[in-house]
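Note that subunit A is present in both complexes that follow, paired respectively with subunit B and with subunit C.
And now, the complex of A and B:
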C-alpha cells in the first residue's frame, strides 16, 4: 500500500513525532510505503506533496486535535485514529486497515 | 451521538492552541516578578523593563479564555468559528466565568456557526455577505446575549463555588485534592489527562487560586526525576535494570524535567508502561497532596525549577517535590526487574488494541 498521513497531538512536541516514527517504521516492515506529515506546535513539517496524496491508497490521520488541510483528501479513503492507537499498535493497525480496504 | 460531537477533540485542540500562550505569559510574569517588577497601573508614568514584562504576562493571561473559546469554535466550525469564539472568550473574562465559561461559549458558538453555515440559505445577492457579516454577527449576537443573560450566570456561580471550595480546603481535604490533581497531571506524561489537569490549574490561577499550579508543576517534574532516581539507584546497587537505550533516554529526560517538560519520560514509559506510570503517578500524587496541604502557591503556570523562587514557599515546594520524586524513584527501582543479557534485544510487543472503531471513509 501507499500510505500518506498526518500526525498531530495536543502538546505537539512529543506524541506527534512518536506517532510518525511508529507509522513509518511499521509500514516499512510490512512492505508498505508511508509519508507522514507532522502538525506540531512548531507548525507543519514534512508537508505532503500533491503527487504523494494522489498516489496514495489510503490516508491515515493520527490526531487528537483538529488538523489543518483536510480538504486535500477530499476524494481519498481516510482513516481517523487517535495518536495513542498508532503508538500502541502500529503494525496491527496497518494490517486492520489493509484488511478493511480489501473487503 | 455524543461521540459524533467529538467534544474531547475540540477541547484538546483548544488546549493545544492555548499552551504556548499560557506558558509564555507565565514565564513573562515569573521573570518580571523575580526582577522586581509589578503590573503597570498607569502607562503615563515611567515604568521599568520588569514592570513591562509582568504587565505583558498579565495581558497574555487574559488571552486564555478567548483563545480557548476561539480554538474550540475553530475546531468545530473551521475558520468561521474563530471570530465569534474569541468574542465568547472575552465575555467569559468580563462576567467572571473564567475558562469554564470560555469553553462553554466556544462549544455553543462553534456548533451554532456550523449550523448556520450549513443551513442558512440566502438569495444569491446576499451570499457574499455570509462569511463576512451575517454568520459572525448573527452567531456572536445570539450566543453572546445568551452568555451574558442566561448561561453565564450558572457558570459564574460554578466558578465562584469551585474557587471558594478550593480556598476553603484545609488539611486532609486539600491533601486529597492535591493527590488527585497531582496523579492526573503525571498519569500520561503530558497527554490528554495531564492537559485537563493543567487547564484546570491554569483556569484557577486566573481566579486567584495559586495552589493547583504548584501541584501541576510538581507533578510534571516528578516523573522525569523519579525515573532518574530509579536509574541512579540501579547504578549504585549495580543492578542491571535499564537497557542502553533507556539510559540514553533518561539522560535526555532529566534536563527536560528541570524545565518541567514531562514528555521526556514517554520513551522510557513506552517500553515499560505499567511500572513507570504506576510509580510516577503514585509519587506525583503524594507530592501533589503534600504541596496542596502545605498551601504552596505558584503565581506562574510553568517554567520548572527556574520559577520555584517565585513560589510562596520555595523550600517546602522543593521538599514536596523531593519526597514525590524519591517515592516514584524507589518504587520504580523496586518494581523494575533485573534484565537478563539476552532480553536486552527483545522486540517491544505491540499492545492489544480494539480496532472496532476504525472506519475508512
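And now, the complex of A and C:
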C-alpha cells in the first residue's frame, strides 16, 4: 500500500513523533510505503505533497486533536485513529486497513 | 539532517536518577520536578507540576514496556529539557498496555521557547522511544551513566 498520514497529539511534543516513527517503521517492515506529516507544537513538518496524496491508497489520520488541512483528503479513503492506537499496535492497524481495502 | 543537533543540550546527567523513591504517579512527578528545580531548570515548580498533571488528565502517557513520558509545556519552565527517573519498584501509571511502569522520561518544555532547537531535540528523543528494543534496554539499565550512554549511542546511531 501507499500510505499518507498525519500525526498530531494534544501537546504536540512527544506522542506525535512516536506515532509517526512507529507508522513509518511498521509500514516499511510490512512492505508498504508511508509518508507521515506531523502537526506538532513547532508547526507542520514533512508536509505531504499533492503527488503523495494523489498516489496514496489510504490516508491515516493518527490524531488526538483536530488536524489542519483535512480538505486535502476529500476524495480519499481516510482512516482516523487516536495516536495511542498507532503507538500500541502499528502493525495490527496496517494489517487491518490492508484487509479492509482488499475486501 | 542538514542541521547538527547536539542531544546533550537537552540531556543533563544531573537530571537522571535511578533511585526514585515515590510509589505513586503524582509523587514521582513531584520528585522529578524537585530535581529539575534543584538544577535550576524551573522558575515555578508548582506551576510546572500542575501543567504536567493537567496533561495526564487528557490521556495516558504510559507508552508500554514499562515506560512513561509525562510532559508539560509550562510557564514554570526556565529551560527546555528532559529528566529521567528509574525505580526499583513498579508504579501504577496508566499505560497503553495497562501495565505499571518503572522508567519515567519527563519532558519539560518552556512555554515560550523562541528557538525550535530544543523542541527538535525532544523530538529526537521521542523518536527513539518508538523503538521497542531501545525501551527494553532503558529498562535494563542499572546506573545513570548507562542510561545517559544508551541515549547518546542511540542518537549517534540514527
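Annotations for the structure displayed:
Keep this in mind: the second predicted complex is superposed on the first by the 103 of 103 C-alpha atoms of A that agree within 3 Å, B and C clash if a C-alpha of one lies under 4 Å from a C-alpha of the other, contacts with A are read in each partner's own complex, and residues count from 1 in each chain.
In the analysis below, a residue touches a chain if its C-beta (ideal position, glycine included) is under 8 Å from a C-beta of that chain, and two chains touch if they have at least 3 such contacts.
Predicted model, so just to flag it, every value in this text is computed and none were measured.
On the superposed subunit A, the two partners subunit B and subunit C do not both fit; they clash. Looking at the shared chain after the overlay, A:17 reaches subunit C, while subunit B stays out of its contact range.
Contact with neither subunit B nor subunit C is seen for A:1 once the two complexes are overlaid on the shared chain. Once the two complexes are laid over each other on the shared chain, residue contacts for A:41 go to subunit B and to subunit C alike. In the superposed pair of complexes, A:87 makes contact with subunit B and with subunit C alike.
In the superposed pair of complexes, A:25 makes contact with subunit C only, with no contact to subunit B.
One of subunit B and subunit C touches more residues of subunit A, and that partner is B. In the superposition on chain A, contact is made by A:96 with subunit B only, not with subunit C. Taking chain A as the common frame, subunit B overlaps subunit C at a single listed stretch, which among 167-175, 185-193 or 203-211 is 185-193. Subunit A residues 10-11, 13-15, 18, 41, 64, 84, 87-88 lie at the interface with subunit B in one structure and with subunit C in the other. Those residues of subunit A that touch subunit B in the shared complex are 9-15, 18, 41, 58, 64-66, 77-81, 84-85, 87-93, 96-97, 100-101.
For subunit A in complex with subunit C, the residues that touch the partner chain are 10-11, 13-18, 20-22, 25, 40-42, 64, 82, 84, 87-88. On the side of subunit B, the complex with subunit A involves touching residues 9-10, 12-13, 15-16, 19-20, 74-75, 190-192, 195, 261, 263, 266-267, 270, 350-353, 355, 358-361. For subunit C in complex with subunit A, the touching residues are 55, 58-61, 63-64, 69, 71-73, 96-97, 107, 109, 116, 119-120, 122-123, 126-127, 129-131.
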